[in-house]
Structure formats: C-alpha cells, structure tokens
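Take a look at the structures listed below.
Each of the next two complexes has chain A plus one more chain, namely chain B in the first and chain C in the second.
Moving on, here comes the complex of A and B:
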C-alpha cells in the first residue's frame, strides 16, 4: 500500500472534538482538519487525565508502590502490578515459585480476554451495531466473574505481590473446574460471534479497508501490540518472556491493518488466550504461591518489559533502602497515538472516530509524564 | 403524579462524566447500564451522552484541574430537576491521587466532586460494583419523581 502523507499546507476547516465529547468515552482532545469531509490531518492532545502516579510512587516502600501501579488503569490493572513486581524481582533476584507464575499467567490471559472483549464491544458500539456489542458484553461478564473469583474484585485484583501472588489468589480444585467450564462457555460464545460477524456482509463492507495502516508505517511509528500485529508484523513479547516458556501458542497476524483486521485480530487472539489458560489449568504445579525468602538491597535502575493486552508495557525504577526512586512507566497507548492519527488520514469524517477506536486507545494509561517547557 | 413525573418515570436518562480516574469505575458503570447481565434499561434507565436530556449525572474520578470547567459546564447544561451521583472512592474523597504531594496541596487534583458541584448520592468502592451503582441511582429516583 502507498504511504499516506499528511498535508503540510494550511487547511481551512477544523473540527475539534473534546475534551469531553459524546463520541469519546475518555476525555481527550482531537482536532480533525478536513476538506470535503475527508480528514487531511488529525491531531490528538492528551494531558487532561494527568494525575502523577510516578510522583506519588517516588519514595514509597516498594510494596506500596506496586499496589499503587494498579490505579494507573482500570482495564489492564493486573498487567501494571505484574510488571511492577517483576521489575523489583529482576533487580533483587527473587525466584518466584512455579505455581505463582502459572497463576500470574492465568490472570494475565483472563485480563487479555476481558480487554479484547471490551475492545470488540466498544468497536461494535462505534459501528452502531448494538446487537454484536451486547453479545460480546454478555461474554465479557463471564470473564469478569472469573477475575472476581480469583482476585476478589471485578477491577483491580491486586493479584501479584513481591515474590509471587497473594495467598488469597491461590486456585483450588473447585476454582480450576469452574475456570475450565467457563472457558468452554466463552469459547462457544466467541465462536458463534466470530461466525456471525464474518458472515455479516453489511458490517464487513462497513469496516473493510477503513483506517488502513501499512506495516512499514506501523514500524516507523513504533506501534505495539495487536495494532502492530494487525498490520502483518509478528511481534509479540510473550514469545520472549520466561513466564510463557511452558506454553504453546501462536502469534496471530492479520494482513491489512484496517478496522476489519484489527477486530478479527482481537477475536482470534482471544482463542489463543483460551488455549493458554487451558494449558495452565492442565499443568499447574503444586507448591506454595509466594516466597518470602529474599533480602532487600539497593539497586541501580531496573527495567522490565512485558506484553499486555494493548502492547508493550515498560516499568523502570531504582530501589534505595526499600523505596522506589526514579520511576518511569510507559504504556502501550503512548506508542499507538501515532497510529491513531495516521489511520484517520484520508477517511471520511464519520469514520474518523472508528479509526481512533481501532487502535484500542486508553488515554488514562497514557497520561503519564508531563514535559515542562520554559519559554 | 403529574404528567411530567409520569413520563419521566418511564425514561430516566443517566449521563456519565469521567473526570480523570482510572477507567475502572467508568467501564463498570457503562457495563451496569448497558450490558445484558445487569441491564438497567429494563428499569427504564438509559445511558445518554447529551447533558440536555439527562436527569442523573454520574461522576467518576478525582476531577483533575483541566476537567473542572467541563464538569461545571455539563452540570449547568442539565435541566432541572437534576441529581448527581458521585461514584468511586476518587469521586468521594480524591482516592489515592488526592494527597500526591504530601502536605503540599496538589494543584493537579481539584476533587472530591463535592467541592465543585452538589452531590446527592455517594457510591463507594474501588472500583464500584455494578449492583452498588444501580442501588445508588435507584435510591435517587423518589427525589426525581417528586420534584414536580
């Protein structure tokens, strides 16, 4: 596909949306520069949600700081606390028990399921296809109850702690059985959804070829996660993470990078998540779930990257007498903002919101750091 | 029951405004009204994004500085009688973000919501449970229906 080039000359008509706008759930500002209802350039401004989590974490004991990272995002909260604990574990050389790794993987994959289902439901809602949206919301509710069963809360489970998982999140036979049965139910429901979704010619014609992002551009913009894989680049950090060593799964890619590819991509990736959870249920080892056998010492800056539902998540901090210093967090949506702007170019104004939603934005996560410009 | 109350009882519109929380409460509230499991629409409660047709305003989040003015304007745009539900611990007391600079008052966080607009019902929780949101909205309905 040809490269789409944003126009540099002055475009007269500007359509601003936001910061609070009915079409967008989260507060952010987007300006579309249009000619004849065709978007020529888009500009997304964030910063409305900035709350300064890194600043609050600075100087907190590392256990408290880990718990605080959950409050960054209500959708991928487990990923944040997982990666934050993982950072300290890498720095302090803590060996976590095998059973804890399995439970973390189960939680991570359940979260991927609920995040992808939310994406599919939200995408169908923006497409104005309410029936599909409701079907997915109904499936998502099964996953939410599983998360509540293991973590004790529907959002923000606080599953990982330093050295393993919280003893409350240990899974027994009954919980594993329910997990297994519900995975069957989710798979059945999702199969039905995907069959109907792909067979619906009205929806397919509405989304095919809209908001295309060529893979060269995607790499240039450093897009991550499913949005990158939907352009045909098989890059998934789970293949390199030691937690996933014992699991067998495929990296799903889709060819086009348009809205259809993105939606189908998420649906197919959900099947892989179900596969991973089934393997974890079958092979979960016995033993304790948390190790208290470690010592705190000062470290240099530690870095950790994991694959979360939306892409690559980066946490880094140094430890100084048990306290967190120089914390930096980078969330996947930060990298995907470029893709959102780019996908809008050349599309109808009515499709522009769909093009933003196809990149799975989460602006709450994204409002991380502010740059102070002195003039 | 007057004609206005009679018709209002058959279509209560809830508007959700999001002022910089973590998205958790936000999705749970949308979920509790829209999703087939909880389905507040069966009680004639509808979700709207237009303040001019809203009856109940549900606010989540600790109200960041940049969100203060939009929140006030949305509140002004809602016709009387209007009710406000503050949902989630951020909206009730600023949550974990309120005292982010220790003893120095934070310029970033303007909340809790009570400081900015009058609040009629408070729904606690981090994140709020859908059942609690429904209970909070339903507890306000008598005030709304007796208004005229």
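Moving on, here comes the complex of A and C:
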C-alpha cells in the first residue's frame, strides 16, 4: 500500500472538534483539514486533563505511590498498579509467590477482556450501530462483575501490592468455579457477536479499508499494542514477560491495519485471553499470595515494561529511603497518536473519528507526557 | 346551511389534526421502547417519555443564548417546521380536498421542500461551542495551518442538508409521483377516487415498487439511521438542532413525532386511497399504517450503522432507479 501523504495544498477548510465530542470518550482536540469532506490532514492536541500524578508521587512512600498509580486510568487501573509494584519488585529483588503471579495474570486478562469489549462497543457506537454496541456491553458486564468479585470493586481493585496480591483478592474454589462458568458464557456470547458482526455486509462496508495503516508506517511511527498487531506485526510483550512463562497463547495479528483489522484483532485476542484465564484456573498453585520477607534499600532508576490492553506500559522510578524519586510513566496511547493522525488522511469526515478510535486512544492516561524538544 | 357545512368541515378537520397530533406524541416512545429497546434487550424509556414527558420538561427549562448571526430566524425555524407539518396534514384531510391549491401533490412536495430547506438554514445559522467556538488555543505558534478558513460542524451539516435536497430526498418525490401515473391527476381527491374505484395503488406492481421507495425516502427525510448524515453523531453531532434548547427543543421533538405520523397518513392517502377522517372507522387504518412505518423504520435503524457518502450515494442511486421503474411501470 502506498504511503498516505498529507496534502496541505488543497485544504478547503478546517473543522475542529473536541475537547468534548460524543464520538470521543477522551478529552482531546482534533483539527481536521478537509477538502470536500475528505480529510487531508489532522492535528491532535492533548493536555486538558493533566493531573500531575508523577509530581504527586515524587517523595511518597512506594506503597502509597503504587496505590496512586491506579488512579491514572479507569480502564487499565490494574495494569498500572501491577507495573508500579513490579518496578519496585525488580529493583528490590522481591520474589513473588507463584499463586500471586497467577492471580495477577487472571486480573490482567480480565482487564484486557473488559478493555477490548469497551473498544468494540465504542467502535460500534462511533459507527452509530447502537445494537451491536449494547450487545457487547452486556458481555463486558459479566467481566466487570468478575473483576468486582476478585478485586472488590468494578474499577479500582487494589489487587497488587509489593510482594504479591492482597489476601482479599485470593481466589477460592467457589470463585474459580464462577470464573470458569462465566468464561464459557463470555466465549459463547463473543462467538455469536463476532459471527454476526462479520456477516453484516453493511457494517463491513463501513469498516473495510477505512483508516488503513501499513505495517511499515506503523513501525516508523513506533505504534504499539493491538494497533501494531492489527497491521500484521506480531509483537506482544507478554511473550517476554516471566509472568506468562507457564501459559500457552497465540499472538494474534491481522493483515490490513484498517478499522476492520483492529476490531477483528481485538475480538480474536479476547479469545486468547479467555484461553489464558482457563489455563490459570486449571493450574493455579496452592500457597500464599504475598511475601513479606523483603527489605527496603535505595536503588537506581528501575524500569519495567508490561503489555497492557492498549500496548506497552512503561513505569520507572528510583527508591530513596523507601520513597519514590524521578517517576516517569508512559502509557501506550502516547505512541499511537501518530497512527491516529495518519489513519485519518484520505478518509471521509464521518469516518475520521472512527480512524482515531480504531487506535484505542486513552488520552486521560496519556496526559502526563511532556515532549522534550532538544535544539 | 352553507356556513354550517363549512364550519362543520373545519371542526372535523381540526379534530382530525389534533387527534393525529396526540397519537404522534406516542410514536417516538413506541419506536424507542418497543423496537430499539427490545432489539437491544433493554427495558427502554417509558412509552410517553420521549414524545410527551420530554417536550413538557423542555418547555419549562430555561433557554440558552443562541450564538447565531440571525438568532431570531434560527429560533423561529422549528416553529416554521411545525407549521409546515400541520399544513401537510390539513392538506391530506378530505375537508381540504375542496381547495385545489392545497390538495395537489405540487403543494405536498412544496411543503416537504420547505421542511428540508429549514434544515439547511438551521445548520447555516447555528454556531455552537462544539467546534470553532470551543475556547482552545488552536491557532498558536507551531500549530498546523494557522491561516485556513474555519468551519463549524453545523456548516458541514448545512452543506449535507443541501446535498440531501438536491439528490438525497429524490426517491421520496419519485414515489409520491408514482400514483399520479395511474390516477392521471396530481390532485389528491382524484387519486383517492381512483383507488376507491380500482382498488389501492399499493397492490399494483408500480405501487408496490413505489411503496418500497417511499419507505426509504421516509427514512431519509426523517434523518433516521442509516441516512442521518446531517446529524451523524460521529462528526456533526446534532447538526442543525445543536443549539435548540428549552421550548425550541420541545418543538423539535414534537415536530419529529408529528412528521412521522403525517408521512404515514400521506402513504395511506396516496397508496391506499384512505384520507384521514376522524368520523370514519378508516381512520384506524391511517393509524395502523403510521405505526407500521414506525416499526419498520425502528427495525432498520436498529440494525444499521450511519452511512457515509460511500454507502449513501449507491443507495440513493439504486432507490432512485427503483422509483423511475415504478413511474415507468405505472405509465405502461
């Protein structure tokens, strides 16, 4: 596929949208430069929801700082606290009980399911297909209830702590049985949804070939996560994470990088998550869920990368007298902004928000990044 | 004696219009509760919420200051739309058949066009905070293209409305003219009389094809999914209606329900030969036809995403060809 080039010389008018817009769940400003309703260039600006979480974390005891990271995102809150704990655990050399690792994986995959279902529902909503959107939201509800069962809440679970998971998040036989049954229900519902979705020719005509991102361009733009895998690049950090060593799963890719590929990719990836959760249910070891025998000491800057539902999440900080110093958090949407702008080029204005949404933006989380321009 | 007949006719026509209006307030609720909500496996709003309770609520809300170059005209447009729809239903009553200027298809088409032009004006006159007026530092050093003309999302909606006038609603007008080819008259009394003599046009080949075209045109003119490009939530949000609040929004809501009813009645007149008359049992058929259209529209819209130009143009072209076929078959 030829590279799409912004055609700035034929711009007829600019149509700005946001920071409040019903098609955009996130607070961002987008300026579409169009010619006869065809987008020639797009500019996305974020920064209206900067909360300065890294600044607040500076000097906080590491346990408190970990808890605070959960407030970064309402969708992948578990991923943030997991990676934040993981950062300190790497630095302090804390060995986590295997049962805790399994519970973290279960929580991580449940979160991936609810994030992907939210993505699918939001995609259908932007397509103005409310029926599909509602049906996938019903499936998501099962997953949300499972997260609440294990974590105690639907959004802020507070599951991971330094050394493992909170004892209240341990899963007994009854919970494992419900988890197993609900995974069957989710799989059945999702299979039905995917079959209906792919068989709907009107929907397919709206999404096929729209917002295409070639894999070369995706790599050039440093795109991450499912958005990258939807372009055909099999790159998933879970394959290198020690937590997933005992799990067998496939890295799902799709060939075209368009809206269809992105939607289908996430639907298929959800089946892999169900597979991982089933393996965790079947093989979860007995034992304690948290280890307390570790000691605090000062460290250099520690870095940790994990694969979260939207891509690669980066946490780093140093520890000084048990307090956090020089904290940096980078969420995946930061890396995907370039892809969002690129995907809009050459598309109908009605499809433009869809092209942004296909990259699964989470700008409220991303509003912590500062771009340093070295001159 | 003569004045008594006239006053009786006026009273009957007025009661017919009022009853149609009352029934029309239930149609949005029926569409949302019994079709959309049932298909989407949710409870949905209570029946009278969208068509009755919401307008009453809006009537008592404080209005917001409209940002428009001609706020007076902008605010009067929903009222004009309501008047147009009322004139349409009056034109369809048998009592109005005595006024040739009102009871011809030319008048019907003219009134429908006024309704469509109102959307263009609404879009052009609305300058909401949702795009250019949003207080956001767009044009600053380092930003892309600081010297480009800027458009409100409503401007886009207005241009789309204009496009819908030129070719989007064409299938509906073709369907309206299909009965003429059989009745050989543009006057509603003649079309009704022809059907009373020869049976409903709907049950002819030409009429059946035209009915399909009419239904698609019905969805287009009501801006319902998948044809709602002038108020697509994915870009232009509410389009022409964006800045209507309080009593003006109430009128928008009421007009939409009333328009659904009136188009159903229009179908009854043109394709079944049954004009709305409150004193006749046949009035029930008018109501049933209006309900059938609401049900069909609800089902289609619940299973369709909004169209872009890529889907809209072929659909309209195909429907137009069907409409031409209906006219040609009717002439033959």
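Everything that follows uses one rule, which is that the second predicted complex is superposed on the first by the 363 of 375 C-alpha atoms of A that agree within 3 Å, B and C clash if a C-alpha of one lies under 4 Å from a C-alpha of the other, contacts with A are read in each partner's own complex, and residues count from 1 in each chain.
Please note the rule applied: a residue touches a chain if its C-beta (ideal position, glycine included) is under 8 Å from a C-beta of that chain, and two chains touch if they have at least 3 such contacts.
What you are looking at is a predicted structure, and each value in this text was computed from that prediction instead of being measured.
Engineer: Following the overlay on chain A, give me a clash-or-fit verdict for chain B and chain C.
Structural biologist: After superposition on chain A, which the two structures share, chain B runs into chain C.
Engineer: If you stack the two complexes on chain A, which partner ends up touching A:349: first (chain B), second (chain C), both, or neither?
Structural biologist: A:349 contacts chain C only, not chain B.
Engineer: Who does A:140 touch here: chain B (first), chain C (second), both, or neither?
Structural biologist: first
Engineer: Per the contact definition in the header, classify A:240: touching chain B only (first), chain C only (second), both, or neither.
Structural biologist: neither
Engineer: Touching A:37, do we find chain B (first), chain C (second), both, or neither?
Structural biologist: After superposing on A, A:37 lies in contact with chain C but is clear of chain B.
Engineer: Please indicate which partner A:205 is in contact with in the superposed arrangement: first for chain B, second for chain C, both, or neither.
Structural biologist: second
Engineer: If we overlay the two complexes on their shared chain A, which of chain B and chain C does A:155 touch? Say first, second, both or neither.
Structural biologist: first
Engineer: Contacts for A:131 in the overlay, against chain B (first) and chain C (second): which applies, first, second, both or neither?
Structural biologist: It touches chain C, and chain B stays clear.
Engineer: Just to be sure I read the superposition right, which of the two partners does A:19 touch: chain B = first, chain C = second, or both, or neither?
Structural biologist: In the superposition, A:19 touches chain B and chain C alike.
Engineer: Report for A:250: first if it touches chain B alone, second if chain C alone, otherwise both or neither.
Structural biologist: In the superposed model, A:250 contacts neither chain B nor chain C.
Engineer: Pick out the shared contact residues on chain A: the ones touching chain B in one complex and chain C in the other.
Structural biologist: The overlap between the chain B and chain C interfaces on chain A comprises residues 19-20, 22-23, 48, 134, 138.
Engineer: Which chain C residues qualify as touching chain A in the complex?
Structural biologist: Per the stated touch rule, the residues are 36, 39-42, 130-132, 134, 136, 138, 143-145, 148-153, 155-156, 225-226, 228-229, 232-235, 237, 302-311.
Engineer: In the complex of these two chains, what residues of chain A are touching chain B?
Structural biologist: 19-20, 22-23, 25-27, 47-53, 55-56, 68, 71-75, 77, 118, 133-134, 137-138, 140-141, 144, 153-156, 362, 364
Engineer: Under the stated contact criterion, what part of chain A meets chain C in this complex?
Structural biologist: Touch list, chain A to chain C: 8, 11-23, 29, 31, 33, 37, 41, 43, 45, 48, 124, 126-131, 134-135, 138, 200, 202-203, 205-206, 348-354.
Engineer: Tell me, which parts of chain B touch chain A in their complex?
Structural biologist: 17-28, 30-31, 34-37, 49-50, 62, 64, 66-67, 70, 74, 95-97, 100-101, 108-109, 126-127, 129-130
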